[in-house]
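All remarks here apply to the structure that follows.
A, B, C and D label the chains in the order they appear, each numbered from 1.
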Amino acid sequence: MKTNCKNNLFFFLCLVSSFFIASCDSNNSQFDSEGRKIVYIGHAGPLTGPIAHLGKDNENGVKLAIQEANDKNISLDGETIVFKVVSVDDEGKESKTTLVAQKLVDSEVSGVIGHLNSGTTIPASKIYHDEGIPQISPSATNVNYTNQGFPGAFRVMANDKQQGSALANFAINDINASKIAVIDDRTAYGKGLADIFEDTVQSLGGIISTREFTDVTKSDFTAILTKIKGLNVDLIFYAGMDVQGGPMLKQLDNLGLNVNFLTGDGCQTLQFIELAGKSSQGVYASSPGVPLDKMPGGIAFNLKYEQTFNQSIQIYGPYAYDATNTLIDAMIKANSYLPEKYLPFLKNIQFKGVTGDISFDAKGDINRGSISMYQVKNSKWEYLKTLGDN
Amino acid sequence: MDIFFQQIINGLVIGSVYALVALGYTMVYGILGIINFAHGEVVMIGAMIALSIILFLFQFDIPIYLSLALVFFGAIIFCSLLAFCIEKVAYKPLRNAPRLAPLITAIGVSILLQNIAMLIWGRQYYSFPQIFNNDTYQIFGIANITTIQIIIILISLVTMFFLFYFINKTQYGMAMRATSEDKNAAKLMGIEINNVISITFIVGASLAAVAGILIAANYGIAHYSMGFMLGLKAFTAAVLGGIGNIVGAVIGGLLLGLIESLGAGYIEKLTFGFMGSNYQDVIAFLVLVLVLVIKPNGLVGEKSSTKV
Amino acid sequence: MISKILPFHKKLKFIHGLFLVIIALTLLPFVIEESFGRSWLRIFDYTLIYVLLALGLNIVVGFAGLLDLGYIAFFAVGAYSWAILASPQFDIHLSFLVILPISFFIAGFFGVLLGAPTLRLRGDYLAIVTLGFGEIIRIFLNNLDHPVNVTNGPVGINMIDPVMIGTFSFNNKIVIFGIQLTNLHFYYYLLVICVILVIIICQRLENSSIGRAWVAIREDEVAAEAMGINTRNVKLLAFAMGASFGGVSGAIFSSFQGFVSPESFILIESIMVLCMVVLGGMGHIYGVVLGAFILVILPEIIRSVAAPIQESIFGVVLIDPESLRMILFGLALILVMLYRPTGLWNKKNV
Amino acid sequence: MSKNILEIKNLSIMFGGIVALDDVNMVTKKGTIHGLIGPNGAGKTTLFNIMTGIYKPTSGNVYLNEKEITGFTPNKIANLGIARTFQNIRLFNSMSVLENVLVAMHNSMNVNLIDIIFKTKKFKKEEKSKREKAEKLLEYTGLVKYINNSASSLPYGDQRRLEIARALATNPSLLVIDEPAAGMNHKETSDLKNFLDKINSDGTSILIIEHDVKLIMNLCSFVTVLDFGKIICEGVPEMVKQNKQVIEAYLGA
């Protein structure tokens, strides 16, 4: 046992020392070279992993907003301040998200923009809440995020409820579907969207013939599609991502089953069309917000974005940009970067962003949750109309 | 009614896919008694290589059949080399190591291959070009099937018979069986067991390459992570049929495919709406457990009597 | 071991050593926090959770030699039993003194449930069946949101209660002579205590007739049975013990995280834990602990140094940290097995 | 109490059509050393595997002390008092010599999980007494010098001894030994003989398979000869020696 003790001790010492070898990230000096007070704004999103491009897009949005803010030489409560982004990578994984959230807390950010998807946003929000740090997600749409009753949790994009019900309305009123089959991909996103769609359809008098499921590891959907074929429905609604929606449509064609296909923003992408090939013709899809060219400041922003990063906007960039500006605007109104001071102002902010006017309801959801509908016409997404715009 | 036949067809197609991959698992297991976890990734590599070759060939206008040949040839060669190296590097040194050691290296290789593939081809899903003119046929007007699906079913059956012949009738086959029975004895009989093992891996990898191409062509999609789940299912199929047994692998594969498609189609009726297609895999695994509880060596696996 | 009657001065030495360890363990969180910040303390807490898991799996794989590829299922069972028994989900809020034992036993029960049908199976058949079992559990958790909602399905269960001792919640912050203690610290201590308990239990099992029976089965089942060992019961016991430890660590995980969803219990997690056991040194308790530390902490170190280093050298990030991490992980598995097939720190070379 | 420790009645077993044992009847008297000989493939080990529960017979019964044990599980039979060694040595190689013996005492340990986890007095006492018992046994079998070496490190002859010691640790009423002298030199063989005599004289009945006919003849008080799954002859060594069939069987004529 004595030797074991030695092992123990030795082993823990090794550990401790191994920490010292590891690089540590204590990046918060209080003032910059010109003696301006540094205020840290956190950004969290998947900077690596399957959807890294979307994460980068958000990061760019934040960076752009910060740049402009710094050019204005804002001074809060007497001292000139300069904003600095602390960007962390949650890999889009729940298992990592709390770790990076903690990193942001450690580097004493006064506000957080992020995370990108609901799966990461929800667990992280608890940590920010515990530290009293306000958080605005540019793109997390799951309803639970704002249902937790955290005063500091906001989002600038319509949530799944708004999108789901908009889709249901579109299915019933515009496609005039009566018998509908629903497929979801058993992710938080897919389930959330599909549940709300199902409820709304039923409340509108539509019939859900069946609810089928797949999961993100699958690429063969023939079994469920065949089952749906047997029920001769007049619309299939799929809540999931493009990489499966595409192949699904092909298999739909192979089975000789041609019905209307409606889907959410997960499939409203170019990849979807590429993967579905000619089968994508006529597919309907929704996407939160409005297309860039329909945004109040869309064109101008697009120009600016492409000049700064010489790459084009993916999806959520503008929303991240607006989220950041909203946060800064609240600070200016409160004349303080201290969360407890500016949070009240953030709660009832009225901000004109490039994506539209931004103001939050009691929960922290955006008031004007607009949803746009698109349809594939000869391998292009064509804008149809914007719903839920009230 | 017509749905039932369609489901059978679906089951046979995906089952044949499993069977093709399962053959690779079962051969390696038969010889070395290890689960070659990396096999699924070899399938993926096969598909990705094929994709690259196709995209490359698109630049010149070569007759489709020539380019097809090139695609298959290239993928098979590459995968064979890959598998050959994997065996030499990761498994050969561990012939006499604790049983878990080769399993762990196999997992390591699989992780490695997947991430290297990700670095080479990136994370995006590629739409796999149409290499066959893929039209849909109607079988007695009650079920649809596409060209590729027919090819898949045929190839998997053909390969099974080929392998069965290869292993039971040819010199190498005999050597293989001898090696799987007792390596040392085989050595004493003058069999170069290293060659035998290498050949096993190469044959397995060639099948994997073919499987990879067919799968990618069938679903019209290829990406770096397509191999893992497929590998697992195929391995399940191999065990279901009785791992180490060629015929078993195919039977297991087809059975698993049918279970999945019929399960997804009818489970809701069977469970009075409590379970839906989301429990597809549960049925598959439950059947596996059931089979193994009743026949611990799989459906057609020969009984291994404990030598005392 | 302790049971040996040590002479007085040795005893003194032993107590002295013990004392040092206790001090080291008590101070460690503050050392970490000071030198690297809270995020590393959080990482450390996660590591301890994995240590518990690895120790549990070590009983099944390391001691009894039963290859289990679905171990994470028991982690999941524990996590969800806490999540359901202490959250707004059904508005049940039991104390952790009640839930910990419950999750211990539920997980143990599932362990037996899995063990029973697989007793007759040989190594690799067992592997695939356990793997299947793991998937089945995950699929159920992912789909038990209808017709009756138990788990919220893929969305997961949120707002899970922290550990409460009396009226004191682990989420409170308290300040003792200028040092702020947060939930990270409280969970650290809770976990350390659990780890130490589990280590002691494992050691005692190892040096008992049961432990010897496990090793005997691992070495030669036929001989073991011929020596009068009831292999069935002994195997089941191994499954049960291993599973229960997994359950406890799962329960703590879900209260610590405050949120669980099926995504945290995917197959790769099982493989991870298995790798911790094999890499560290199967059947050797401290080796397994080492394995867990290496496989949790090294990736985090890579995460925080990979990008900066690459930037400083090439000016750009060529390989993003995630894939680099996985590549190194894969390589590590292969190399260690090639050069240390019995693990980095196995019994032989203690 | 009966005088027959082991009784086998009309025992037959088939492996996929091949008859390995055909209507075997055999009796081992209490306190004796009973030899079982016969050419390779005669079915000797098969017989052992049936009486120790590893195979289930196709027909027939096995009685231990007049209690039927046919088809019992190996561990049950072991606990009822038959302990065996294996033709190809099956020790627990990674374990120490002492542990090998302790494993065999598993069932006589009356401690439960609670005792172990809380290291109760009972547990300590039990462990202590068992260790002493094991050490005595190793003393007795002359292996005490290796007590902490790993089993695999022992020389061949001593591995055989250890297997016997391990078997004795289950304190059996019948010890079943499968070819103990295989690959032993003269010295080792004669040591083995004395060793087995000692065990027997201390009250354990022994049933032994052996090819070394000489050893069998000096060791056993009764010999059974098996050929092609049938008993072709049994009796006292001298008589068996003379038997024509036996000689043929061995000369393979």
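Going forward, a residue touches a chain if its C-beta (ideal position, glycine included) is under 8 Å from a C-beta of that chain, and two chains touch if they have at least 3 such contacts.
Treat the numbers as computed from the prediction; the structure is a model and nothing was measured.
J.: Could you work out how many touching-chain steps separate chain A from chain C at minimum?
T.: 1
J.: Report which interface contains more C-beta contacts, comparing B-C against C-D.
T.: Counting C-beta pairs in contact for B-C and C-D gives the edge to B-C.
J.: If every chain is reduced to the average of its C-alpha atoms, which one ends up farthest from chain A?
T.: Measuring from the centre of chain A, the most distant chain centre belongs to D.
J.: Can you figure out the chain closest to the middle, judged by Cα centres?
T.: So the chain sitting closest to the middle is C.
J.: So how far apart, in whole Å, are chain B and chain C when each is placed at the average of its C-alpha atoms?
T.: Distance between chain centres: 33 Å.
J.: Using the average of all C-alpha atoms in each chain as its centre, how far is it in Å between chain C and chain D?
T.: Measuring from centre to centre gives 43 Å for this pair.
J.: Go ahead and note the Å separation of the Cα centroids belonging to chain A and chain D.
T.: One centre to the other, that is 72 Å.
J.: Taking the mean of the CA coordinates per chain, how far is chain A from chain B in Å?
T.: The answer is 38 Å.
J.: Among the residues of chain C, which are close enough to touch at least two other chains?
T.: Where chain C meets two or more other chains at a single residue, that happens at 142-143, 222, 323.
J.: Got the chain A residues that touch at least 2 other chains?
T.: Residue numbers touching two or more other chains: 49, 52, 186, 213, 215.
J.: Give me the residues of chain D that touch two or more other chains.
T.: Those would be 54, 86.
J.: In the complex of these two chains, what residues of chain C are touching chain D?
T.: The touching residues are 3, 201, 204-205, 208-210, 212-213, 215-216, 219-220, 222-231, 237.
J.: Which of the residues in chain C end up touching chain B in this complex?
T.: On the chain C side, the touching residues are 61, 67, 117-118, 120-125, 127-129, 131-133, 135-136, 139-140, 142-143, 147, 222, 267, 271, 274-275, 278-279, 282, 319, 323, 326-327, 329-334, 337-338, 341-342.
J.: Would you tell me which residues of chain C are touching chain A in their complex?
T.: Where chain C meets chain A, its residues are 1-2, 10, 13-14, 17-18, 20-21, 24-25, 28, 31-32, 35-40, 42-43, 46, 142-143, 145, 153-156, 158-159, 171, 183, 257-259, 261, 263-264, 286, 289-290, 293, 297, 300-301, 303-305, 308, 320-323, 350.
J.: What does chain D use to touch chain C in their complex?
T.: Per the touch definition, chain D meets chain C at residues 52, 54, 73-75, 78-79, 83-84, 86, 90-95, 99, 102-107, 109, 111, 113, 116-117, 119, 123-124, 127, 130, 166-167, 169-170.
J.: Which stretch or stretches of chain B touch chain C in the complex?
T.: Per the touch definition, chain B meets chain C at residues 29, 33, 35, 89-90, 93-94, 97-105, 107-112, 114-116, 118-119, 232, 235-236, 239, 243, 273-274, 276, 278-279, 281-282, 284-286, 288-289, 292-293, 296-298, 304, 306, 308.
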